[in-house]
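Since the structure comes first, as structure tokens, the remarks are kept for the end.
In this document, chain identifiers A, B, C, D and E correspond to the written order of the chains, with residue numbering beginning at 1 in each.
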Amino acid sequence: MPFDWMKIPYSLLTLFIVVNYGFFLNALIQKMGARAGRRYGIPIWQNYVDMIKNYGLRSSITHGAMFYLGPVFRLSGGVGLLLFVPTIYGSYMFSNLSFAGDLILALYFIFFGTLGMALGAGESGHPHAAIGVSRGLAQVSTAELPFALAVFAVALQYQTLSVTEIVAAQQGGFLQWTLFTNPLAVAAAMLGFLGSMMRPPFDVVIAPQEIPIGPPTEYHSAYLALMQTNRAIFPIAKIVIYMNLFFGGASDWPTFFFKVFLIYLWSAFVGVVFPRFRVEQSIRWFLIWAVPLGILSIILV
Amino acid sequence: MSVRDLLSPFAAWKNLFRDPVTIIDPLNDRPGAPRYRGFHQNDMDKCIGCGTCETICQNGAIDMLPVDGIETKQGDSGLRPRIDYGRCCWCALCVDVCMTKSLTMSNAYTWVESDPDAFRFTPGVDKKHWDNAELGYHRPEEHQLMAKVRLPMGEMEPETRIESFAEIVNGYTIEQARLEADRCVSCGLCVATCPAHMSVPDYIAAVRDGDYERGLKLLYETNPFSGICGSVCTHKCETTCAARHDGDPIAIRWLKRHIMDQVTFEQCRDIVGGPRPATGKKVAIIGAGPAGLTAAFDLAKLGHSVTVYEAFDKPGGMTRWGIPEYRLPYARIDQDIDVIRSVGVDIRCNVRIGKDILLDELHNSYDAVLLALGLQLGRATRIPGSEHENVRKAVDLLRQATAFEDFGPPRQAVVIGGGNVAMDIARTIARLQKKEFGRVQVTLTALEDLAHFLADPDEVKEAGEEGVVILDSRGPRQVVIENGQVTGLKTWHVKAIFDEQGRFAPSYDETDEQMHAGSMVIEAIGQMTDVSILGDTLTEKLTWNRGRLQVDAGGRTSEPWLWASGDMVRGPDVVSAVADGHRVAQSIHEMIAETEQPK
Amino acid sequence: MRELHTKLKSLFPVGDLTEQRSNLGFVTVPQEHLRAVLVHLRDREGFTHLVLLTAVDWLEAGQFQLTYLLSNRTAGKDLGVRVMLARDGATMQSIHDVWPTAATYQRELREMFGIDFPGSPRLHEEFILEGWNDIPPYRRDFDTLKYAQENYSERPGRVTHDPAAHMKQKLNSGGN
Amino acid sequence: MKDELKIRVVKGPDGVEFEVEPLKDYYCEAAPTVMPAAYIKVVEDLFNWARSESIWILGFGTGCGAIEMRPLMTPRFDAYRFGVQWRPTPRQANLFVISGYLSTKTLKRAIRSYEQMQNPKYVIGLGSCTINGGMYWDSYNTIKRLDDYLPVDLYIAGCMPRPEALLAGFQDMKKLIRAGKAEGANLYAENFEWYKANQKRVIHDWDMPDYNW
Amino acid sequence: MTQNAPFFTPDRSQYPAKKADGTLDIDIASGKYLKLWQGPNHPGITGNMSVELTVCGDEVVEGKTHVGYLHRGFEKLMERRTFIQCFPIVCRICVPEPDFNEYCYAAAVEELAGIKSPERADWIRALILEMGRINSYMMYLGGQAGALGLGVIGQWTTYARDLMLDRFEELTGARIYHMFIMPGGVRDGLPEGFDKRMEETLREVESTLKDVYDVMFCNAVFKKRTVGVGYIDPALVDSYGITGPNARAAGVAKDVRKDQPYLIYSQLDFEPVLGQDSDIFTRADVRRRDVLVSVDLVRQILAKMPRTGPLMATVPNVLHWKIPRGETYIRGECSRGEYGYYLVTDGSGYPRRVNVRGPSYTHAVSLLERMIVNLNISDVASLMVSLHTYPPEIER
């Protein structure tokens, strides 16, 4: 298959849209959380300002090569994830670089950033970062497990490993969505989703009251700005996968924005009103509630 | 764990649909509460710079600083508190303790500055945006950190005291004195007002601590007539007392008296410390009144040989001959003078200059001569009829009364004058009348209205209680003489005492004429010095100023060997005379030291 | 309170009772009997709660007063047990095994007053201060203002005037 | 110095012994240097604007004043509206609010936290205590003038300053930053020796590295 | 351990091993252990203090409380301040609930000087103390939830506390350090319309508490994190000097307001709140219910207090107030437990010695150090908050 060079500027356009939407959405969700606390919260453009500020700080110190590479890995994880899944179903412009086996790649990318981060943070030499990393890896592993199981269930269900094809299979009314065709898998995945969004009850990794603030403790200035950028891309990219796999994908931008918002909101909806689990509690919780669901969904398929 | 535990937390989201409770513009929408203790304000008109705020501030945040445009005057130090907001903790103790209620707090609370040295300011002087704030902490009326009211001085009932010349006031008990001394805030505003600069706060502190020995020492540092002053001082200090602005002034005079009451003569003598090694220099002092004896005391303490010449048979000057016994018992005068004698002062009574010894002789045999003659002659009103023999001068009568001479107390007397001497004579006559006739018939007429009497308000009140009829704003017109006998005094109502330029020029309402019956009219309108002893030659040589001997700051006249002090150059007041005595002694001592130096 | 005192007096050579309130009294106990008295009060008299342990420096008398304040909650009574110690080389037996919480108090007393409690756990670890290089600060002969002025700088430019002196100088220097 | 801070020899899991110097952070030994502003003025202005609109406060409550931070973070005053946020780690914070008095023990931690912050960094002194000792002017354990030890940009009067006064302080801080006048970090670097000398004069137990950021 | 503990929790009480002399056998150099400092610059610490943790994996094997970061030497400073000058400084000892310092100090001075504060002043004092208690508890509830990542509770409770601070402001003239209870009485009476605004505030407090109950106390995850964690054995209560809600949650009805009623508490109608097993959850719940008691007490006080009468007893001139030799101890029940002042006078114008007994002294040092062992690092912050400690009252 000859490579379509035009895909590159188009994917960059996607990236641009997603970054901005990510910033917007982050702030919006933060504002909603603030409303639950009976206040207004940050201005909607605050995250941009923060990012510019962090890029604009004059000094930065390093703890070694991996310390540099951590945010870079993380960002490339986010960007990579985004670029290899189709954003808008049926759109040539926004199908990105998706290909037949992209689902496996996507799963890899989800983990890739975390690993990079772990290595970078580990090199920062801060005990809190080290503890955060060990917690994070343990928890993310178990949180990804139900998701992976759900993905397998879906893959089995649709007999394909291409995201595009999975989306295609869900077209034709919302009853065709995996949500309704395989609710157990979706449930397992959504529980796993909670775990991967770093919000309560599964934010023990960055818990400010315990290990402020976990892996990124030592990160600052431009490193932090890089991570902030990633924070705008990565959740959206992840949500795109969820949306494509379980919620019928999106065939135009408004649908995309709406669905992403709703899925994002789900984590905040739970996150604002619950405290956090201890790491062994959350692992246990995933193993007891989410993983069986995932296994069950595979079995049922 | 139940389903409820899973679902109930989501109730938090209901706030999503409620308006936030945030204050939209917290910088402008939130004035401090009406009682808020914000930044300080100080009312410059009220502040007297007493520094009590500085004393109470536990943070050492307040400095007292002179301020341009605010003069130091009696009762106002001219200093103003400058507050260091690098220290302040907004406890408002300074506001609570402020003697004049001038220091308050506004409800402003925002002050941001890059320069840390900018946080020092003098409220009321340095312009600040909260200067005109009306809300804020002011001391509530009933919130008192110290007693407002002076402890009443126990005294005899008018009915009892009129019977005799026994002293009226009892003096404070130790308990009372401590309570009264406790009211003092030790600001020291009174010190400058006291002519003798007695260390008032310190001796009041001594009373508070019950350490009379220390108090006595402090008294004798500045005033060898403390016993006398404790009874009859004009206590100008009390007019500048910081406590006066919100409550009664401290009874400084009575506390001084209390110290003297608590100590014995021996203690006084020991504190003073006996005669000093002699310097061989000799000083003659004419007049054994407060000024002369104070100078004598000081000079004797410096080791000079001092001789005091007194014309009368007992020393004390006007304190003895001018002040009635019920105000100042003679024993107290004797004690003070005995202490002065104990440092080696030689007092020679019944020696009249010009008669028994000549001034020139003194000039020749002493290194310096001090005139401390006092005011022995009464001034005359010169109204028609005042030449009559039954129109008397108050000073003369008082002297006669002191000497127990019978001058024939009148059945009915009229006193002209509104000063302390007028009160003294009125009350003396009243006592004599009571003793002789069983009833008091004394009328006192004064130019001033009651509010501006020169006499001490207590005196006026007590005189009234004793049956003296006090008529204010009456100008004497004529002594009525019928058949060679004085029958009374005619007076007019006074419209104004001073003219527009502020000169003494009484104007009268002639339609309002009154007749005050009396067989004796007593003039008590002022005194003057008998300068006849100076002799013509000397009088000629000396420089005079409006009838008074001109002296320099040290009391030295234009003749280098001659000094003058006391009432004759200052005006009548014991404590002023004492102060003058110190000054003159200092001047004389300096002169002596100077002449010795070349050797 | 008095009953208790009489009972104590029959058992130990305790001093007189100072009855501050009907439910608060103070007794002085000789140093060597303290432990026995405390254990007795705790086990027999219901004074199970050690409210505080602190010291008072009577510099003039050359003594430290240790106050062990005990409380009997059911009876609503408090008893302060005083021990007078010589100030020089002050040493006292530790009671951390009677009340574990006393160890903290003893650590503080060692640091702030320089009273030694041999055997008390972690006694010589720094508790409140860090790098302290002067005499223990709660002793009366330690002058905190002097220390502060020597070690820290104040903002310059502060002057003040005594009102009395200022007035004397202003009003009377020129000779009145 | 505490035992665990002394240089010691440690035996690794592979049996090799090596020396550990706990006070030494092997990657951060550079003394602070003056960091110039961006060469292009427009860029610096943009950065200054962003810095002023995104103030991250170090969540280190050094003294009493810290209690008034709580209302600022919460609905009543909601400082987040004004671009003010709190960060738990000094690395990410820009503004250090010294909330009142500093005992020497805290001063040590405050200095270290300050040095770990990145240039440009700002300090606000809260209340009397930071200006001239406040009510602890005669205490043996608190510093009297904060500007002897750290460069301070702003002071807010009060004991303690109310949240509203703090907000006013933040607004003034923004103005300073926007005007490019908040160069405390460079000031610190320029006068580094002086600051260190002052700090060492009061911190007797100096068991931390001179450079650590 | 409590029966609520998960069944597969192994018995760790013998771990880490002890050496022969009783100290823990911890060899840092072995690489098995990690030193971890919680504080002072740490969001999970209650105020400016720190805990030095030695951890093995996620488990704490040793904890040492370090205080002194807020040490100003109050007890020394007071020795060189006159009795009235001490009055503004004492409240600084405890920031979130300063009034107990003012009350205990004032009462101690009054007792030794033989002064009786007027009855109306006593009522106002009690009112202020109860208002302060509500504030302190509200702050605690937010902190307890926040320590576990439930930030929204802190938003609500701080708002309610802010409203109460407004009431403080209009009554006392200051928000945090009220400096209102003076030796001799109080500064002023209630302002106009105070009762009405107070009632509105109390309603807001109650409705906030209702929300807090729904979201925090009926919360599966919160329960999971707090039930059975940080258990205090009632037997420890006396030997560790535990007071206040920490003791009451263990079922010991220690409440100075009942045991030795001070001010006007004997005229008020209330029962101390008790709990069953003193784990973190019970302690939080006891405190939540205690707020309701305080709300009720404030209402009672406002209904019963005299509206006229003197507010200050006659005191000697405060500038040179001397108090004869004596010593006394005054205690009050603050939100954290027994707060007390031990005052010794020597006849001079200055206190001879003041010792402040803050409840945190035992709670945060000896008790915390004992309870922290074998705990998960994640629970350290939560445990510390649940003991409700404020460092300034430990080191003063």
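In this text, a contact is a pair of C-beta atoms (placed from the backbone, for glycine too) under 8 Å apart; a residue touches a chain by one contact, two chains touch by 3 or more.
In this text, all values refer to a predicted model and were calculated from it rather than measured experimentally.
Chains touching both chain A and chain B: D, E. Of all chains present, the one whose mean CA position sits nearest the global mean of protein CA atoms is E. Distances between chain centres, each the mean of the C-alpha atoms, put B farthest from chain D. Seen from the C-alpha centroid of chain E, the farthest chain centroid is that of B. Annotation: 34 Å between the Cα-based centres of chain A and chain D. Centre-to-centre separation of chain B and chain C, using mean CA positions: 49 Å.
With centres defined as mean CA coordinates, chain E is found 43 Å away from chain A.
Residues of chain E in contact with two or more other chains: 35, 42-43, 68, 71, 73, 76-77, 80, 88-89, 152, 155-156, 159, 177, 215, 219-220, 224.
Touching of two or more other chains is recorded for residues 74-76, 78, 81, 88, 105, 131-133, 135, 137-142, 145, 159, 162 of chain D. Among the residues of chain C, those in touch with two or more other chains are 129-130, 137, 142, 144-145, 155.
Chain pairs that touch, as defined above: A-B, A-D, A-E, B-C, B-D, B-E, C-D, C-E, D-E. Listing the residues of chain E that touch chain C in their complex gives 67-68, 71, 73, 75-77, 79-80, 111, 238-241, 243, 254, 259-260, 326-329, 331, 338, 340, 342, 344, 352-353, 355, 357, 361-362, 365-367, 370, 395.
Remark: chain D residues 75-78, 81, 125, 128, 130-135, 137-138, 145, 147, 152-159, 161-165, 167-169, 171-172, 176 touch chain B in the complex.
On chain C, the positions that touch chain D within their shared complex are 129-134, 137, 142, 144-145, 147-148, 151-155. By the touch rule above, chain E contacts chain B in their complex via residues 81-82, 84-89, 152, 159, 166, 169-174, 177, 179, 187-188, 191, 211, 214-216, 218-220, 223-224, 310-312, 314-320.
Those residues of chain A whose C-beta lies close enough to touch chain B in the complex are 32, 34-40, 269, 272-274.
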